[in-house]
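Order as written gives the chain letters A, B and C; numbering starts at 1 within each chain.
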Amino acid sequence: MPKALQPHPDRALPAGPARELARRIHASTKDLPLLCLHGHVDATLFASDEPFGDPAELLVVPDHYVTRMLISQGVSPDRLGLPRRDGTATAEPREVWREFCSHWHLFAGTPSRYWLEHEFAEVLGLSVHPSAETADLLYDEIAARLAQPEFRPRALLDAFNIELLSTTDAATDDLAPHAKIAADLPGRIVPTLRPDAVVHVDRPGWSDLITLLGERAGTDTTSYAGYLEALRQRRQTFIAAGARATDHGHFSAAATPLSDAEAERIYADALHGRTTPEDAAAFAGNLLFQMAAMSAEDGLVMQLHPGVLRDHHPGIHATYGPDQGHDIPVATEFTQSLRPVLERFGHAEGFRMVLFTVDETAYSRELAPLAGVYPSVRLGAPWWFLDSPDGMRRFRELVTETAGFYNTSGFVDDTRAFLSIPARHDLARRVDAGYLADLVVQHRLDEDDAFQVAQDLAYNLARTTYLS
Amino acid sequence: MPKALQPHPDRALPAGPARELARRIHASTKDLPLLCLHGHVDATLFASDEPFGDPAELLVVPDHYVTRMLISQGVSPDRLGLPRRDGTATAEPREVWREFCSHWHLFAGTPSRYWLEHEFAEVLGLSVHPSAETADLLYDEIAARLAQPEFRPRALLDAFNIELLSTTDAATDDLAPHAKIAADLPGRIVPTLRPDAVVHVDRPGWSDLITLLGERAGTDTTSYAGYLEALRQRRQTFIAAGARATDHGHFSAAATPLSDAEAERIYADALHGRTTPEDAAAFAGNLLFQMAAMSAEDGLVMQLHPGVLRDHHPGIHATYGPDQGHDIPVATEFTQSLRPVLERFGHAEGFRMVLFTVDETAYSRELAPLAGVYPSVRLGAPWWFLDSPDGMRRFRELVTETAGFYNTSGFVDDTRAFLSIPARHDLARRVDAGYLADLVVQHRLDEDDAFQVAQDLAYNLARTTYLS
Amino acid sequence: MPKALQPHPDRALPAGPARELARRIHASTKDLPLLCLHGHVDATLFASDEPFGDPAELLVVPDHYVTRMLISQGVSPDRLGLPRRDGTATAEPREVWREFCSHWHLFAGTPSRYWLEHEFAEVLGLSVHPSAETADLLYDEIAARLAQPEFRPRALLDAFNIELLSTTDAATDDLAPHAKIAADLPGRIVPTLRPDAVVHVDRPGWSDLITLLGERAGTDTTSYAGYLEALRQRRQTFIAAGARATDHGHFSAAATPLSDAEAERIYADALHGRTTPEDAAAFAGNLLFQMAAMSAEDGLVMQLHPGVLRDHHPGIHATYGPDQGHDIPVATEFTQSLRPVLERFGHAEGFRMVLFTVDETAYSRELAPLAGVYPSVRLGAPWWFLDSPDGMRRFRELVTETAGFYNTSGFVDDTRAFLSIPARHDLARRVDAGYLADLVVQHRLDEDDAFQVAQDLAYNLARTTYLS
């Protein structure tokens, strides 16, 4: 008989003397609306509002947390349905789903397990655990659910109580889906400008993108000055479409400005197909500074996500493309790297920078001290590998004593997996409830303050960080 | 009605099965005398024994933990009364105090909140929480207290049960206040030699300081040899005034000796106003080695506080001067940096080095392994941003298993805020009581050993580290 | 009256609501056989099966955890009986033992204390704590035990329930003791190939070892190709003797291949006594890559232990030789360092790499992400300074959420101290039981899963990592 799936009402709350209070704190935040101000859900989902595809396509193939764990235990990417760049057929959806279900035990102790159990039980209404035996049953049950109108993307947007959701969009995006959504759901789904592809001059296809950037912006991008102007124009277009923020994924947090002449030289070289790794890195760092300058002018919140070596395995990248779970963090320096930006804009009225890391060593050493003094800096929520019960707990323990609660950004779900959004917010609210309750029972925080802080962490801080 | 201020008797003790024992351990250490062997209280306070100024001047303006948090949330330094270098007037004390009180919620979860609650309730006898509404009431109450004789510095020294207090004094200091104090309170307040200003040849005004150093020491400092001799002389003067230690705040822990010829060259260049960042760093590293050599001779304990980028924001530094909360840590290497010193003096009889860090990654990786084998090395107490309940707890968890308890220095309060000293020692004693009680209830330490270790951490280790 | 020695049945289990379950989980794993697949016990112990020597020789002198702690508190290496290279006599065994016993309090809170209490009480049947007063009594009691046949090495191998034990053996070892043991105890004691001495061309005596390597392998090692062939031959000899793995202790994890021509040049230079630190480091990194290539062919598991600066104090090394507790960790990079190996072999069928660290910062940042996606990578158990209750707990907390349980290696005891092996496995099983029980009471893991995972961590994962 298959094992029943019953997420416990007290899951991820402390087990000891703080539990009862943690329950009450969680009860006070669990029904607050969701502000999803940094994520990667595709806008076309809501523009078209088509039913979701099959269970594998929805829950396995695009979730790199899930596929990387299965790959790590010897399941080949092909068996998981990862689309090959050359279009070669890979596994059928039902086969993919069976692989996933038969390896369910691998997820013990991981956040994927918490999120998936929540999705299965509370969103999809499933009642048994995945296993080799239950795979087909679950596949059919999920497929049946997805065919119903209440499981369409816009219906779920309401069911999930999502007040506002930001997507992530390239600087060259035409924002057409957003225009369609805005007509139907005004102010509910907004874009975020992610200019990474146009600021890294050494990436294949960069110069074609620059041409497209010029077209979108209606400016001449054959010069560095024109390129900066195109970026300024595009920011205005994003702002008009409701954007609140930009997002920057760089290898390093270095943000040192170049002279116009030096930047122009690198830019011109790159347009002629000549670039060096050093020039490319210097240009990317310069652009972080320039984008900060633009943020200080136009008010878009600047989000920085540094410190990941993308596509660690060239073979996987060549066969399956980017974002296939083979991105590995590196040690990341912030104190010296961000000094030029903070010297110039750290105390500037209206500039707001949100810093994320996958290098936890920076929490207490650099990030909390920076956020704890610069009015412009907020610490982003625990990101990627750290968006987990112990990871979120460590974040609070390492950051709060120096930066307090009010220099953190509020939770961001940062996901492509739309169905996991409520689970992610709920888990974060549980972990924060537990942390606050533990402080109260240790008499390090008053109970009334704990309830207020919980509201702020769950909802208000996301507003004040991104929307004020 | 204002919220009552009532620090809980069990604050910062564990909430679970260890609480009762933690209470008993804390009870056994809470009344031990305070040894304050590393701090920054101004000696003139005790020399003159004048009443303290107003509440803002006493509790807000000089406390960079407090001002940095307020600044981080948009309160301008001027509104906090930070004195401008140009003498321009800033806010009135009562206005500063109101800013502080109306932002009291920002300190939730921070050590500043614990310290201030302790000071307000147990030192100043206040009975309501700070808030916009209570600001004036509290201001007046505190001002009234400060006018009473029992709140004069020397009276508080007794009330606080401070057995010995070390100040921090430049190599060029004439130690006049210490002479005056020594006559009235023999052996109670002693200086600590901090030679930073004379070993960093690239700091503005260095050569003037060198002239003054020569005058103070009665030696000719126009040569490197004379400069070293001046430092030796000054150490003797400090020792005669009761000093137990030197203190060194360097960007890096590098302590590599230079040849006399090379050191002489850099020194001569610097006197002629020519220096490079590389030369300055090499000279500072050389001086760490030379000071270790002198410590091995004269027995002054050598304290090293590396790894902070001072004055991160040049604009703040230009307007308000140093030590305004804009000092940010960096990753710090110890293993290779200290090798030259430890190769030479690590096993030397009579040499004692106390290592501090604001980079917690070094605790288990480098500092505990070094302190756990070199007889000369002790690990300093958690420092600066890490002098907090969770920070002190992590220190014990990351250090004890490799270095044990007896290679740590005992608590140091490291503060300019005289009124916070009892609160800081009390918080450390609470955290240690909780850590020890947790070990006992997990049957990892015997109860009788826990009581002995608690005494040692609270009092005896500071004696054996600095006074034996 | 001396204090009774009574290790508590619940030692190192959680104290709160998880204790009862932790007890039951521990009860389910504590009698599983021990797989000791990475350790440093000397094979000759079992070849000769002679009685152990005196208590000091068995329990103090060779245990660098113990001697480093005593040295750190001022006991000279001579007083601890550390053999001097020049053969000068040092302390008598009974004197050494007295030094150890009179400093017993130093070990409070350290893993040495847990291990030794376990050995004293459960292996040696002692009933009082070490102290200055009990030193002679304990010495005589232990000496009497060691004279009994049930305390001979092979008898203890059975008593300890050791199923399989791997030793560590140089590439130039003749494996004679293993041949003798294999005849008597087939398949019970196997060698591990540790080629460090022949891959670091800058170590004194390297070229003599290369000659010996050639003799052992029956190949001509005057060329780089012949040298590689010798290593291949030796691997086959080790495999024939039952070896499952190689072990590599490098300063850095860098594993970048050199061209054959460049490797040949460095090799030839080194044979002529000419080498540079850069060449030596490049050659060592190249050899890591070459050994990975050989592992991918012959199936030996590749264990990497990087990031330790050996013999930090040259004077101690000169007088007493290596491995005297003066090895200090350094920050260690894995993501970029291992990329060449993982690009080539990370997804290769049959390649298995086990990564160890003494830099905990790499756990969540680099090691868990690597192990959580590459099928070839497993995370080794907490190593050296981290093989302790809090260290093992942090390992699980920092690794599990990204890598899960099944990308870790299972426990390895990694010790020269044969008598401590049961204590080390037991402590690891206790810590894992506590971690799992805590997850269950926080409703983050189902109880049935916890029991299964506990079995896997205690026994099955060591099998699947090293023996499958």
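Here is the rule we go by: a contact is a pair of C-beta atoms (placed from the backbone, for glycine too) under 8 Å apart; a residue touches a chain by one contact, two chains touch by 3 or more.
For reference, the UniProt names are A, B, C = Uronate isomerase.
Just so it is clear, the model here is predicted, and its values are computed rather than measured.
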item	value
Classification of the chain B (Uronate isomerase):chain C (Uronate isomerase) interface as same or different, half of numbers criterion	different
Angle (degrees, nearest 5) of the CA superposition of chain A (Uronate isomerase) onto chain B (Uronate isomerase)	120
Centre-to-centre distance between chain C (Uronate isomerase) and chain B (Uronate isomerase) (centres being mean Cα positions), rounded to whole Å	40
Numbers and ranges of chain C (Uronate isomerase) residues touching at least 2 other chains	16, 331, 361
Touching residues (chain side chain B (Uronate isomerase), partner chain A (Uronate isomerase)) in the complex	3, 7-8, 10-16, 68-69, 71-74, 105-111, 114, 309, 312-316, 325-331, 358-361, 385-386, 388-391, 394
Interfacial residue positions of chain C (Uronate isomerase) with respect to chain A (Uronate isomerase) in the complex	16-18, 331, 333, 335-336, 339, 342-343, 346-347, 361, 364-366, 368-375, 377, 397-398, 400-407, 438-439, 441-446, 448-449, 452-453
